[in-house]
Structure formats: C-alpha cells, structure tokens
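Multiple structures follow.
Here come two complexes built around chain A, the first alongside chain B, the second alongside chain C.
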Partner chain A sequence: MKKLFKYRRTGLIGSPYKILVLNIVAWVIGVLWITPFIGIFMTSIKPFREVVLHGWWTISPFTFTLKNYVDALFNPMFSLSRGILNSFIIAIPSTVIPVTVAALTAYGFARFSLPIKKYLFATILFLMAVPQQMTIIPIFFLSKNLSLLNTYLGLILVHSSWGIPWITFFLRNYFSLLPVELEEAARVDGATDFQVFRKVVLPLAIPGIISASVLQFAWVWNDFFFALMLIFDPDKMVVTQMLPRLKGQYQVDWGLLSSGSVIAMLAPLLVYAFFNKYYMSGFRGWAMKR
Partner chain B sequence: MTQLKITPKRISFFIPALILILVFVVYPIIATIILSFNINPIPGVNIVERSPGFENYIKIATDKRFINPKGIETHSFPMGAIIHNVIWIAIHLPLTLIVGILFAVYLQYVRGGSIIRSFIFLGMVIPMIVGGLLILFSFDKDLGVVNLLLKLFGLGFLARTWTIYPDTALFSLILGSVWLWSGFSVTMYSAGLSSLPREVIEAAIVDGADFKTILFKVIIPMLKPVTLTVVAMTILWDLKIFDVVYAATQGGPGGASMVLALLMYEYFARLGDYAMSATVATVLTIIIIPVVIFWIRSVIRGEREV
Partner chain C sequence: MAKGVRMENIWKIFMPKVIALKNINVDIRPGEFFVILGPSGSGKTTLLRIIAGLEIPTRGRVVIGDQVVVDADKGVFVEPRDRNIGMVFQNWALYPHMTAYDNIAFPLRIKKLPREEIDKRVREVAEALGIAELLDRKPAHMSGGQQQRVAVARALVKQPDVLLLDEPFSNLDARIRVTAREFVKEIQKKLGITTILVTHDQADAFAVGDRVMVLRNGEMQQLGVPEELYGEPANVFIANFIGDPPMNIYKLSIDHPMVKQLGVLEEINEDYKEVYIGIRPDEAVALPLNEEGHLTGTVTIVEYVGSRRYAKLDLGNSISMRTLLECRADHGDKVRIRVYKLHIFAPDGKRIRTLTLVH
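Moving on to the complex of A and B:
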C-alpha cells in the first residue's frame, strides 16, 4: 500500500477512485481468464442433459452428480483410472532417471575444465529446442527392433533422454552458484570427486533438484506426442493419450470429456500448488539466464 | 573459480548422459535427415520406391497441405501448414508480448495481483491436450465462454461453433493459444520487472515523467533481455505446436487448421510414408534453426555477463 500511495502522490496512478476502478477491472479480467476452467468443472459435476438444456452456469437447476467421473474413470474402452496409473508408471522413472544422470553431467559441466565445453554447451541448448518430430521416426523403428515398442520401458527411456539436456542446463547453473569452499575442504581431506558430489554438493543442491524434478514430472505427465507414437495398447496408454479418444465420433460428449479433462490435469495442478516455489524457480531458470 | 582438470575418471560423470542422448536424441536426428533423402538408415523402415536425393523436398513443396497457392491467392483456408504456422506467429507473437508486458506492469498495482497472475499461469501448468479441449469448449456455440460474451454484448447473432468452420478454425486456435501461453510472458516480464533497479524508475518519477514515458522509455528498454527470450520461445512454440491442434480440430475442417507438426504425423501414421514424414520434420527443424541460433547466442552472451 505504501508503494501505491507513493505512486499516487507522484501522480503516476491517480485518485483513489481511479485505483478502485483499476482493481475491479483487473479482477474482472482475472475471473474471465479462468472461466473456461470454471465452465469445464461445472460441466463435469452436472448431468450433461442439464448442461445442454440450461447451460453449465446455472445455479438453479443444479443437480450435483459424479456420474461423469465414474464414466470416465471406468470407461470400458479407455479407462482413465488405468490411464492415471500408467501416467504415474511412466512419469516417476522418467523423472528420477534423467535428474540423476543429468545431475552428474551438470556437476561435471560446472566444475571440470573441458576443452570442447563451449561446443557441448551449445549442443545442449540446441537439443533443448529441437522438435520431438525430428527424433521420433528413428526412435519408433529402433524401439521396434529392440522390442521396446509399446512398452513402458521404451517410453521411459525416450522421456529420460529427452529430459537430460534441459535438466543439465538448469542444474549446471544451480551448481555453479554454490560455494566451492566446502568442496575444496572435502578434497583436501581426500574425498574422491564422486564423494564430494554426493556428500557435499547434492545436499546443498536439494532445492534445485526438487525444482528440476517437479518440472520434469509435469512435463512428462503433460506430454502427448511421444506416448501417441510409441504406445498402442489401450491398457498401457497414458491419460493424455486416452483423453482425445473420449471425444466421440460425431458429437462431442462434453459430460465425459469435461470430467476426463479435470482428471488429466489434476496431477500437474496439484504439483504446481504444492511445490509452487520450486515450480516457479525451475520455470524461470528454464528460460532465463540464472 | 578455478576449474578442475579433466581426468579419465572425471569423464565418467558425462558417460551415462552421453549414451542416452546419443542413442535416443542425436542418432535419431541424424537418421531423420538421412531418411528425408530416401536413404534407409535403420533396418525395418519401409520406404516407398523413390530414388535417393532431393525428390521428397520437391514433392513437399508442391503438396497442397504443405503450401496451397490457390488458398493464398483467394485468401481462404486451407492455405497450407507452413502458411498456417506463419499466420500463427504473426498473430500470437505481438499479442503475447503486449499482454505480457501490460499485465506484468498493471498487476503490480493491483491488490491480489499475484493471485490473478497465477490464474493466468494455469494455462502453462495443464497438459496441452487439455488446453486444446478447453479451447474447443470455449468456442462451442452453446457452452463456450466466447459466445456467452458475444451474447452479453448483444452480438448473439455471431454465435457459432468457431472451430468447425474453415474461415475461423485457425483463428480460434490462435486466440486460444494466446490465452494458454500468456502465463509464460506475464511470468517472465513480472520476474524481469521485480529485478529492475528501483532507483531508476523512482528517478524518472522524480523528474516528472508520466506513466507512458516511463513504460516506453525506461521499463521496456530495460526488459529487452526478457523480450528476446519470450520472442524466441514463442516462435519455437508456435512452430512446434501439435497437441492443441490435435485435440481441438485434428487440423480440420478440410485441412484449414493443419500445421507442420501435425502434417508430419499425418504422413507417418495415416499414410505410412516415413520418408516424407522425415522430410516434413527436417523442414520444420530447418525453419527453427535461425531462431535457435539467435536464442543460443543470447544465452551465451548472458553467461559471459555473469
């Protein structure tokens, strides 16, 4: 408020009346912004007939029902409860593996002198930007030849490899900001590089590791393309992959699709809510220098 | 700080990542390029009988779904995937920059501005497949927010399901993507704003500068590094866009919202023409390369400053 007052005094913002209007307008825009979310949620907890007849926004009539959720979770063709489970089976290892592997590499980047480091670094940045489409055809046939097609392991390996460049980039920045004195002291005491990394660096870098894990988990969960290309078995499909298949051939069944959408976005939303601090610092670090 | 000398033992820190990246990222990229010239790099790929060389690139340049001269001439959709991607950037990029900087500045002065900012950020959190469905939902004739608003302002006669008509499908998706992606620019600009030195803005206020002057002469120039990042990321995102289109329109109606990434998928999954699919992917990558180089340079420049 003090800041507001100052800006007002200098004539930057204007009268109290103007401030009130500015606040109201901002909140109207803010609520409008999330109206699609509200709409899809309301549609999901009402009988679809009622939504068609009266719209999702009516408070009366309002019949609360969980039928849409039951229909989506236990759909005979694409059961989203199975999809959620599959998404976890894919996303958890696809987070643990690349974060572990990339942490090692990132430490190497931050501390060891490499003659070709500049080029490796540019390559990593390039790999962060390459479209998934550029890799998928050979991956498809490689997986087929190795009997990894349509398996959890195949998709996990692809996701893990795909995550390494950005996590390396992110953790390298994090590690290079850590104080080196402790590491040097440990080295003087005769610790090996790996011991220094595990016992000294990792404990200090836990916030960075959490940030990277949270974002990688959300990224893998949200991904659609790799799963679409590599998994065919309805029993193995991830939730984002099942969702468009609930759309219906001729008419969109918004009852089923709205509850399905809520189910599919719940995990990333919860991760975002509970790890907000880490999510945001990871997000900024992802695109901004330091 | 002083860097530790590299030894064979220290190289092992890089080995696991190197193996995974070489097998699942670098080798596939190279193999895709080779495949696009009708040369088979992997056992098991069926390539349609075509001679090695640039044939696929000539074929793609004359594919109506890639570029449709008739559509461009008559200003009607479909105009072809590559034109659609360009239109996407042309509309999305300026809007996302304007929305980003205006909201970032505006919300600083609003009570609960951080809550509104997290509302706007939600589009970045959810799966893009759900994002596409939300766009479909929002443009629905009976249920959609867009048509509700039109009715509210007495424009109810315009109400229709915007995504199913060739002339409005692509524009609906683009506007929807502005809605989804604004969280990125608003967050980036907000972070940039809070790291600006206070004194500069205060000095400008003391000098009697008005709000417009401060915005255009102080804030925007100082946020140039953020703008560069947002521009690069937005262009990359628009070129690679897939999930949103897949969920909302599948590139339809009649190819009116077809984009490059989806065209690549069509060649692969529907037509089974892997070499052509690789060609589209390679073209897509060639198009993004200038943007990527620009971005890599700005990151490396930033590294040196620190």
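Moving on to the complex of A and C:
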C-alpha cells in the first residue's frame, strides 16, 4: 500500500560540484526575480518627495510612511478597495466553476472508455495552445449578443471556459496516477460511480485539486487582458484595471502606483502561502512515475 | 445466507490476442471454501474479477444463488455494487485517507444504515477479527497482517453472499502467513460464507480449501479435494506442480529397463512408444541393499526437510531420483529403492493409472 504512494525522488543527486552549480543558478534566478519587487516595495513605503529627489533605490534618506497605502486604498477617484472586492467577486467563481467541471471531465477521461476519447482529448490539448488575442473578438461579440458585456457573469464565464481545458489536462494526469484498485474496492463495496468519485477519488486528489485551484485563482486575479476588453464600468473594474489609473493625470505618482501593485499582489501571494503544503505535494504527485 | 456460484462456459479474451480463460465450468456449493490454484498468469485474478463484476467475460455466464449476474450472450450484467460480494484485493486496497473504522464502515455508510447500527456492526466484526484496538489508525500505520485483517473485516461487515480473496497471504511473511490462514479458515467455517480464494501457493490452497481447482494458461486442469489432487493428479503438469518436494517425473521409452523393473508394461493397454512415470519422494524409500526393492541407486546428497530425511540418488543412465531415506547411508553408498506408489501418464501428459506397488 505504501509503495503506491511513494513519490519519485527529484532531489539533488550527484557530485558536490553539481550541487554548487545548481545552487548558484537557483540563487541568481531567485535574486533576479525578487529584485524588482524589493524596489517596488521600497518605493511604496517612502514619501513621494524622496523618490523624486533621490531615486527609488536609496537607503538614506529613508522616511517610513504608510501614506501611499492609505491613499491607494481609499482614493476617491479610483478606489482600489473596490477593485479588490471586484477581483474577488470574479476570481472565486472563476476558480470554483472550472475546477469542478474539469474534475468531473478529467475523471471521465482518466477512467471511462469513450469511442472518440483520444480525439476529444487531443482537441483539449489543441485548445490550450490558442492565444487569448485570437479569441477575443469572437468572445467580445458573443458577450455582446448575450448581453453579458460589462457584467461580472460574462467575465466569470470567459475565465471559466478558459480554465477548463488546462485543468482537465492537469487533473486527468493526476487521476490516472491514483491506484485503480481503490476505486474497484469501492465499487464492490456498493458505491455508484459518482460515490466512488466523491468518497474515494476526490479526497485522494486533494493536493492536485488545490494545485489547480491556486494556479487558476492566481491566473484570473492577474489577468488584465480579458477584464480590459469585457468590463468598462469603473464600479465593476478589477484590481489590475484600477492600477494603471493610479498613475495620476499630470504626473506619475510612483508611491501610489507601487503601493497599489503591492496590494494587488497580496491576494495570490497569500493563497500560495496558505496552500503551499498541498500545492507542493500536488506537483510532486504530478511527477510520480507511471 | 450462503449462496452457490456457478460458472458456465466462461471465456475471457483480452484484445487483441491474450486468451486469459478457456471454457471454465465450475459449480461452487453454498458455504464451500473453494480455492483456485495456479501459477502466475494463469487467469486466476481474471476469473475472480469476473465473479465480482469488475471484468465482463467474452462468453459464458455466471450465476450467484439463483440470479444470473452476467450472461455475455444475452447481454445481462449486474453491477458489482448489486452483487452483495465481499472482496479482499491482493494489496488489500484499503482507503488510505480513512481510519480502519471508516474503512470498515464504508460499505455500510454507502448503504445508508443508521449510525448506531453501523457502529455496532463495525465493532462486532473488529472484535471478531482482533483489530478492535486499531480502529483509529490509518492504513499507513498498520503492519501487513493488521491491514489484511482490516481488509477482511471490510469485506465481511456487510454480510456478503460470497467472499472473494485474491492472494490474501502473499504479502505476508512466512510466520504470520500460517496464523493468517488459520484465522481465515476459522472465520469462514464460523460464518459459513461461500468463499473463493485465489493463490499460486499450494500450501495456502491445501491449508484452507475444501475443494481446489487448478488453472493453467486459462484452462482448468483438475478439480477436486486436496487428497485427489495429490493422490491422483490428472496430468503431468499437476503432478509436477503439486507436492513438495516435487514429484520425480521421467519420460521413458517403453523398452527402458526402469519401465520393466517397475512392472509398468502390464498396466497399460494401449500401444505407447513412450510414457511418463512419476514417483513422489514421499512415496518411495531408500533402504539398505539387503532389503527388497524395485531399483538400486547411489546416494549423491542427503538433505533434511523439517524432520524428514531425503536422499538424492543416482540411478545410472543420467537418471536421478529423490526419495525418503530410512537407513544410514551417506554420499557414495549404494541403496535399494522401494517404490510404494507409481503414477503413469500417457505421452500427451494425461494420467493413465496410479499404481500401488507395496502395501
């Protein structure tokens, strides 16, 4: 039983020399990745004057202030807090809906035989490769004709259908790695197909489901393109649409802009941090040997 | 209530070309402990899965009690969940995310029995199988023997008509194995459940089985009580497969001196050029030269198996034989061989006769 759940070791194997090189590469990439963030963070907690006079990378003079955050959140013209609320209203259903639908689809692909299953799955893979920009004009007119333009529901549906193919692909591989005997045992024990799915498969696939949800949530939250095309009412705009507006009309207020960016990043970061344990094991599970 | 299981003309072909079962016909009686024995790849698991409904036969039908559960020709198929079968899988297939209690309760919860009823039955069966103190543990924190008991408990708790066990002992080490066999046999006799056990181990089969069916390459070779399989093997394969240490088997031409010495010729009516002759090590003894016997040989090895002593003998003409050793003899000594029982098979492997030479 234990053996079935053993993961493939992906740790550092090899000479100390190899480990050193890998470490250096990892550190370089890590530093490059995080530097802009540190810059933005520093700018966000400095008064505007200091940024303009001394640049954003200076340690002295350095006056700590939260004024930028307060201004960004409660700007009377473009309320970032409203944007955050809208982002949640969009992102939560846009995660729950496609993950639910895709989990059922993926289980079907993983375990049931269908006459044209191979071709259907190939179609899904193909759809994953289509760029957003190619689809936006039909999506726009479709939304317009269905009177879904400039509504939460419209954007949620677009995000959901965009998420379903890749989540199906991701979860199908995850499900097909689960030991079949458990499902057979449940069938002999009296469970219907749906009970097998809900009581045996789903609990065992939690890490995979959470990984998919975290990725989908972050993707929807960070999306700018679909929101820009489909939502224009300022009251309904999501946080990524609000950000550029914080720029100001006559001069760029760097402090406001960077504090807004930090706030916008917070939600996906917290989601990653909170589900980190499952998320990592979800990916390890995905790398399990067949 | 115990129910019988009848299999009629069962064929299973895995496309494109694996013929896993060839025309299996068996009638398993209510309350019987039935064993399917065969080497790996012989189709045992496939047959068990067909009874459970996890696999559909290519041809033939299965009847449990008086209900036809599958009939390939008429397109009848009863889902596994409606067959009231308990099954223990080879690797036990316990649900890893549930405690032992939840594992055992699973079939009852699916049936939506009242909570107190479930609790009562889970504790009853856990008590009977000696796993009452394990109920809070998850499978990962149990030993092999304990997991096996939980799996058996889960199969028994719903009071199935038929209990199916797929190699239930093969993941246990030798010592626990003996206890586990006794425990399964006891439970089966106490509850009187029709039980079908699959194994590749003849010791397992003979320890628990009321009747044993031997399978090879998807074909039934013989069906009978253990004594029959041992005493009157239907063909060379069974003669070779059953018995430990294995039977000495020789393919000899009719004019071979050994055939004459053993008096085989008078016993066969047909005109064969060759015959197989089989002698079990336990049905022949090596004695001092001055004793009466059928053959002579030279001791090459003396070995102890448990409390018995066997000699490996060289009979000349590059024929060697293992027999019981009942005299003081060592490497190089000449001995007389007395044969008590002799199995004769036709050149195609079928049994002709079993002779008792000495009473």
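Here is the rule we go by: the second predicted complex is superposed on the first by the 233 of 290 C-alpha atoms of A that agree within 3 Å, B and C clash if a C-alpha of one lies under 4 Å from a C-alpha of the other, contacts with A are read in each partner's own complex, and residues count from 1 in each chain.
Throughout what follows, a contact is a pair of C-beta atoms (placed from the backbone, for glycine too) under 8 Å apart; a residue touches a chain by one contact, two chains touch by 3 or more.
It should be emphasised that the depicted structure is a prediction, and the values quoted were computed from it without experimental measurement.
Touched residues of chain A, counted separately for chain B and chain C, are more numerous for B. When both complexes are overlaid on chain A, the residue A:Gln251 reaches neither chain B nor chain C.
Once the two complexes are overlaid on the shared chain, A:Ser60 sits clear of chain B and of chain C alike.
Once the two complexes are overlaid on the shared chain, A:Phe225 sits against chain B while remaining clear of chain C.
When both complexes are overlaid on chain A, the residue A:Asp189 reaches chain C alone and has no touch with chain B. In the superposition on chain A, contact of A:Thr35 is made with chain B only, not with chain C. When the two structures are aligned on the shared chain, A:Arg111 is found in touch with chain B, with no touch to chain C.
When both complexes are overlaid on chain A, the residue A:Pro203 reaches chain C alone and has no touch with chain B. The intersection of chain A residues touching chain B with those touching chain C, taken from the two complexes, comprises 4. Touching chain C in their complex are the following residues of chain A: 1-2, 4-5, 179, 181-182, 184-192, 195, 199-200, 203-204. Within the complex formed with chain B, the residues of chain A that make contact are 4, 7, 10-13, 19, 22-23, 26-27, 29-37, 39-40, 43, 51-52, 55-57, 98, 101-102, 104-105, 107-108, 111-115, 121-122, 125-127, 129-142, 144-145, 157-158, 160-162, 164-165, 168, 180, 193, 197, 218, 221-225, 228-229, 240, 243-244, 252, 254, 257-258, 261, 264-265, 268-269, 272, 280, 283-284, 287-290.
The touching residues of chain C, when paired with chain A in their complex, are 52-54, 79-81, 83, 85-87, 89, 91-97, 106-107, 110-111, 139-140, 147, 154, 158. Across the complex, chain B meets chain A through its residues 1, 3-6, 9-10, 13-14, 16-18, 20-21, 23-29, 31-32, 35, 41-45, 106-107, 109-113, 115-116, 119-120, 122, 124-130, 133-138, 140, 142-145, 148-149, 179, 184, 187-188, 191, 205-206, 210-211, 214, 225-226, 229, 233, 236, 239-240, 242-243, 246-247, 261, 264-265, 268-269, 274, 277-278, 280-282, 284-285, 288, 291-292, 295-296, 299-300, 302-303, 306.
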